[in-house]
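Following this line, the structures themselves.
Each of the next two complexes has chain A plus one other chain: chain B in the first, chain C in the second.
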Partner chain A sequence: MNIRAQVSSVFHLDKCIGCHTCSIACKNLWTDRKGVEYMWWNNVETKPGTGYPTQWENQEKYRGGWEKKGDRLQLRLGGRGGLLGNIFHNPRLPTMDDYYEPFTYRYGELTSAPAGNDQPTARPVSMISGRPMKIEAGPNWDDDLSGSGIYAANDPGVLQLSREQRAQMFAVERLVMLYLPRICNHCLNAACLAGCPSGAIYKRGEDGIVLINQDKCRGWRMCVSACPYKKTYYGWATGKSEKCVLCYPRLEVGEAPACFHSCVGRIRYLGVLLYDADRIEAAAMQDDKDLVAAQRQIILDPFDPQVLAAAGKAGIAEQVLEAAQRSPVYLFVKKWQIALPLHPEFRTLPMLFYVPPLLPVVSEEHLGTQRLVDDYFTTLENARLPLQYLAGLFTGGNTEEIKAVYRKLMAVRIQRRRITVGDLSESEVAKARELGEVSAEQIEAIFRMTALTSIRQRIVVPPMLREQAIEAGMDPERHKQEMGFGSRRSPKRRW
Partner chain B sequence: MKNGWLRQVSLLLICYLWFCFPPSACAADLVDGDPQRGKALFAGTTSFAQGGAPCLACHGIAGRGMGMAGGASFGPDLTSIFDDYGAEGIVGTLDDLTFPSMEPIYATRPLTAEEQADVGAFLAKTAEEAQLPTVSRMTGHVAIGLAVISALLVVFGRGRLQGVRRPLVLGVRTGKGGRR
Partner chain C sequence: MTDLILFGVFPYIAVTLAGFGGIYRYASDRYSLSSQSSQFLESRMLFWGTVPWHFTIILILLAHLLALLFPTAWGTLLGRPLRLYLLEISGVSLGLVAVVSMLVLIVRRAINQRITTVTTVIDWVLLAALLLQVATGVYIAVTLRWGSLWYLHTATPWLWSLVKLDPQVSYMAVMPAVVKVHAVNAFFLLALLPFSRLIHMISVPLAYMGRSPQVVVWYRR
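Moving on to the complex of A and B:
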């Protein structure tokens, strides 16, 4: 056993209202600079939809993630020879149009226009060329299904469905959507890291955050292709690639990352998971349908004395283990098993998990309003959003896995409905619990963690113990006198 | 005074005669040289009598394809040396070879008068016959090379980085690609 700690998270999609506050918080904090205008380390997209960048899930085009080659894993981008052959002109990149051409408006013209007969207007101008432009795309262009005939219909997940399923899904007054907020998954088997020719990307030992060393990055952009989630971006002004840093400077002082902190719907949970690094490769080698279960297996129980002893030996501090025991992520992912990784079939073992949304699946349109279908418990196969679509998103196509999650989520609804509305009998609730394989106490715990938590329960930032990390390499007193906030060179081309 | 004037005129006269008919007592006459033997001496197939190193050890003759492989690149190329130096220059140079890098070798191993004549004749013949690649020809070669490389780049690079969104939208609008 080779135990490591990973700061990981859960996004509860039933709670996301698609307000983009997370994106704005991140933008203002990290990517409000020249050359990175197009970057959204945190973005919220609408599903079904093609997302940002367009059709990022289509690995035929972008070649992200891993594939099984015989008895070993290989980057879908190719082996070392292939990487070297493409190093000066990598064709597996999103173009600027696939992200979107960043734009602003000439607001000054609203106040400085000379007096005339026309109302002054603020024309959109490109933030790249400065010339007036026609806005044709944006980071969430398919928001709320606008342009769904193009963007929702060409969602790679939708394209995998059968003709009947698509027709059913796109029928008038049936089409539904869900919001999918995305940040870097800080994967256990990160493909960006493996694809980097400069060796600039690393996974921090103490918390598993994946970072790009701005001194070592040479801007080859192989990480941009290799990341199947398209969550590394190339900074045009600095000539370096950048990505979500999980706000590690905030984590190090005990604060939640900016997108977590600002989340209006309180959908974001953060906590430490313990995992067995020796089993990563075996877990990533499973068949598509078994990937979720395999990933769940390498996550370890922080209450198991054996695990705790091995973790202590591996150098994980007691305070971190204590934080792991309070981790809400452990509850969602391992104990309740209602949180699933996004696209496990990319085989990067992403450590950001999603509680799939219940409402878009079992709601119906009734006299212009949305409500739950009457017999929603038995109609999972006829769900409004086909289960195959959700399985394609969260379980590598395994519908049984996603059904199990939905049975649990429904049992929570039914038990809470009996308590708050009181129109269901106890036998119905008991049947729901039995089908969902979940106890009444667990349901109560799920309900409380979903709806009634404080930020300190939702977001359990482990102590980062920087002083111990410093001590390992340098006398802390000397560090205090000499290093200030640490050595820092601004990222720019130095060759 | 009178004598001094006469002496000056006679000295000038001697100088003029030296200039018109330079004495060739120590230097060989090129006309007597055999270019074939000169070539052998130059390339080292025949050794110099005094043991001096063959010219080709350091000098190439690009006009005859000698020393082209880059081995004989220590000294300058000698294809058109005869045109630059002229007969007198060649004769004088071959006689004492006082260049800093050559002197240590040839001061003690000078070329004999016959050898000088042969090598000189060879160089004269070389300058006469050799055709140096002209600048315009080289420019042509470079241009063709660039054109070939550019064509290859275009052939293999065309359509390498294709967008996704625009073709998708266009395809849906024209009913050719994408799905509706």
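Moving on to the complex of A and C:
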């Protein structure tokens, strides 16, 4: 057993209102610079939709993530030799047109235009070349299903459905959508890391954050192709790849990452998970449908004395273990088992989990006439949002896994409905609990964690113990005088 | 006098610039130690330029280097007419591919608005020097035939005399002008190495072949 700690997160999709506040907080903090205008380390997609960059889930096109080759895993990009053979030109690299060309407007023309018969207009100009351009795409171009005939219809998850299911999904007055906020998953088996020829990408041992060393990065862009989530980006002005850093400078002083802190719907949970690093590869080798269970299995119980002893031996600090015991992520992922990884079939073992949204599933029926618990569950199969689609997103196609989650989530609803509305009988509630395999106390706990928590319970930042790291290398007093705002050197190329 | 400066002095200046400039850049600005890729802004045309360019130029450079380092073996290898023909033909065709792909790269930089914004003056100097180098190379190969053999009796001894710090300028002084240009421009490119994107030649990711697929870094271990 080789225990490591990972700062992980849960996004509760039922609570996401798609306001993009997270994206803006991140943009202001990290990607408001030349060359990275198009980057959204945090973005919110409307599903069904093609996403950002367009069709990022289509690995036939981008070859991201891992695939099984006999008894071992190999990057879908190819073996190491093949990957280096493509070093002069990366055939699977998304180009700027797969994202969008960043633009601004010549606002000055509104006031400086000579007097005339026409209303002056601010012409759109490219933020790359500075020349006038025609805007054909932009951030969240397909927000709220706009252009669904093109965008939602070409969602790789929709394309894998049967014709009937697609017709069912796109029928008038039946079309549903969900918001999918995405940041870097800080994977256990990161494909970006495995694909980096210069070895610039690394996972921090203490907290599992995946970072790119900007001095080592040579801009070969293999990480951009290898990441199946397209969460590493190429900075065209600096010639370096960049990605979400999980706001580690904020975490190190005990603050929540900017996107978590600013989340209006309070959908974001953060906490430490303990896992067995020796079993990463075995877990990533499972069949598609068993990947979720396998990943859950290598996450360890922070209350188990054996685990605690082994973690202590592995050098995980007492305070971190204590934080792991308070981790809301552990509750959602392992104890309640209602949070699932996004696209586990990419085999990177992503450590960001999603509670799937309930709303589109139950809203199909008229709640007034839907009384019996049985009816709630029979609607699962012919719900407006096909289970197959959700299974494609969160369980590698395993519908049983996603059904189990929905049975629990519905049991929570039904029990709370009995308490707050009072129109359901106790026997109905008991039956819902039985079907969902969840106890009355657990339901209350899920309800409280979902709806009534403070930020201290939702976001449990472990002590990052930077002081220990500093002491190991230099006198803290001296360190204090040398640190501060600013960067050692501005990220500019002088040659 | 000109010959002495061009073939007896300038090579040393170029090597010094490349050496010290390279060390300085490696030590002080490792951040920029690469060729700033523009594939993200334009991919298709780049493919037809960069891929043939790199593979041909590496082979051509290798041939120049082998003839310099192992002149006797090289001479024996080309001792038979058939082998000589084969090498000359492949040399000329590789050179032609290199010229065409360099033209593709130059045109791409000139016409694509996105690419021009990430192009610097030194990039243009470099591209022009590279085009001059491959163009003169092909011209020499076609007009002054069997260069792969006479190289052994002109360039090789001249370069070795430079290495031995006893420059024998006479080897080059008698050469046609185009060969002189080719030789001087080669050292100009060397001098340009640390001051342009050509520096990316020194970073070859061979360690990738052997490293573990996952890298975990601890700050307390």
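We adopt the following convention: the second predicted complex is superposed on the first by the 459 of 495 C-alpha atoms of A that agree within 3 Å, B and C clash if a C-alpha of one lies under 4 Å from a C-alpha of the other, contacts with A are read in each partner's own complex, and residues count from 1 in each chain.
In this text, a contact is a pair of C-beta atoms (placed from the backbone, for glycine too) under 8 Å apart; a residue touches a chain by one contact, two chains touch by 3 or more.
Every value quoted in this text rests on a predicted model; they were computed, and no experiment measured them.
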Next on the checklist: What does the overlay on chain A give for chain B and chain C, a clash or a fit?
Outcome noted: clash
Next on the checklist: Quick check for you: in the superposed arrangement, does A:Thr54 touch first (chain B), second (chain C), both or neither?
Outcome noted: first
Item to check | Touching partner for A:Asp143 - first (chain B), second (chain C), both, neither | outcome: neither
Next on the checklist: Applying the document's definition of touch, where does A:Gly219 land relative to chain B and chain C: first, second, both, or neither?
Outcome noted: second
Item to check | Superposed model, chain A: greater residue contact from chain B or chain C | outcome: C
Checklist entry - Once the shared chain is lined up, is A:Glu37 touching chain B (first), chain C (second), both, or neither of them? => result neither
Checklist entry - Regarding the shared-chain residue A:Thr95, is it in contact with chain B (first), chain C (second), both, or neither? => result both
Checklist entry - When the two structures are overlaid on chain A, which partner does A:Glu45 contact: first (chain B), second (chain C), both, or neither? => result neither
Next on the checklist: In the overlaid three-chain picture, which partner chain does A:Asp276 touch, first (chain B) or second (chain C), both, or neither?
Outcome noted: neither
Checklist entry - Which listed stretch of chain B (37-45, 73-81 or 163-171) steric-clashes with chain C in the superposition? => result 73-81
Next on the checklist: Shared contact residues on chain A, chain B side and chain C side combined as an intersection?
Outcome noted: 89, 91, 93, 95
Checklist outcome for this item: Per the touch rule above, chain A residues touching chain B in the complex are 50, 53-55, 58, 61, 89, 91, 93-95, 97-98, 136-137, 149-150, 153-154, 159, 166
Next on the checklist: Which residues of chain B touch chain A once you look at their complex with the stated criterion?
Outcome noted: 157, 160-166, 168-169, 172, 178-180
Checklist outcome for this item: Contacts from chain A onto chain C in the complex sit at residues 4, 80-81, 83-84, 87-91, 93, 95-96, 126, 128-131, 189-190, 193-194, 196-199, 201-206, 214-221, 234, 236-240, 277, 280, 315, 465, 468-469, 472, 489, 491, 493-495
Item to check | chain C residues touching chain A - in the complex, by the definition given at the top | outcome: 25, 29-43, 46-47, 50-51, 53-55, 113-114, 116-118, 122, 195-197, 199-200, 203, 205, 207-209, 211, 213-221
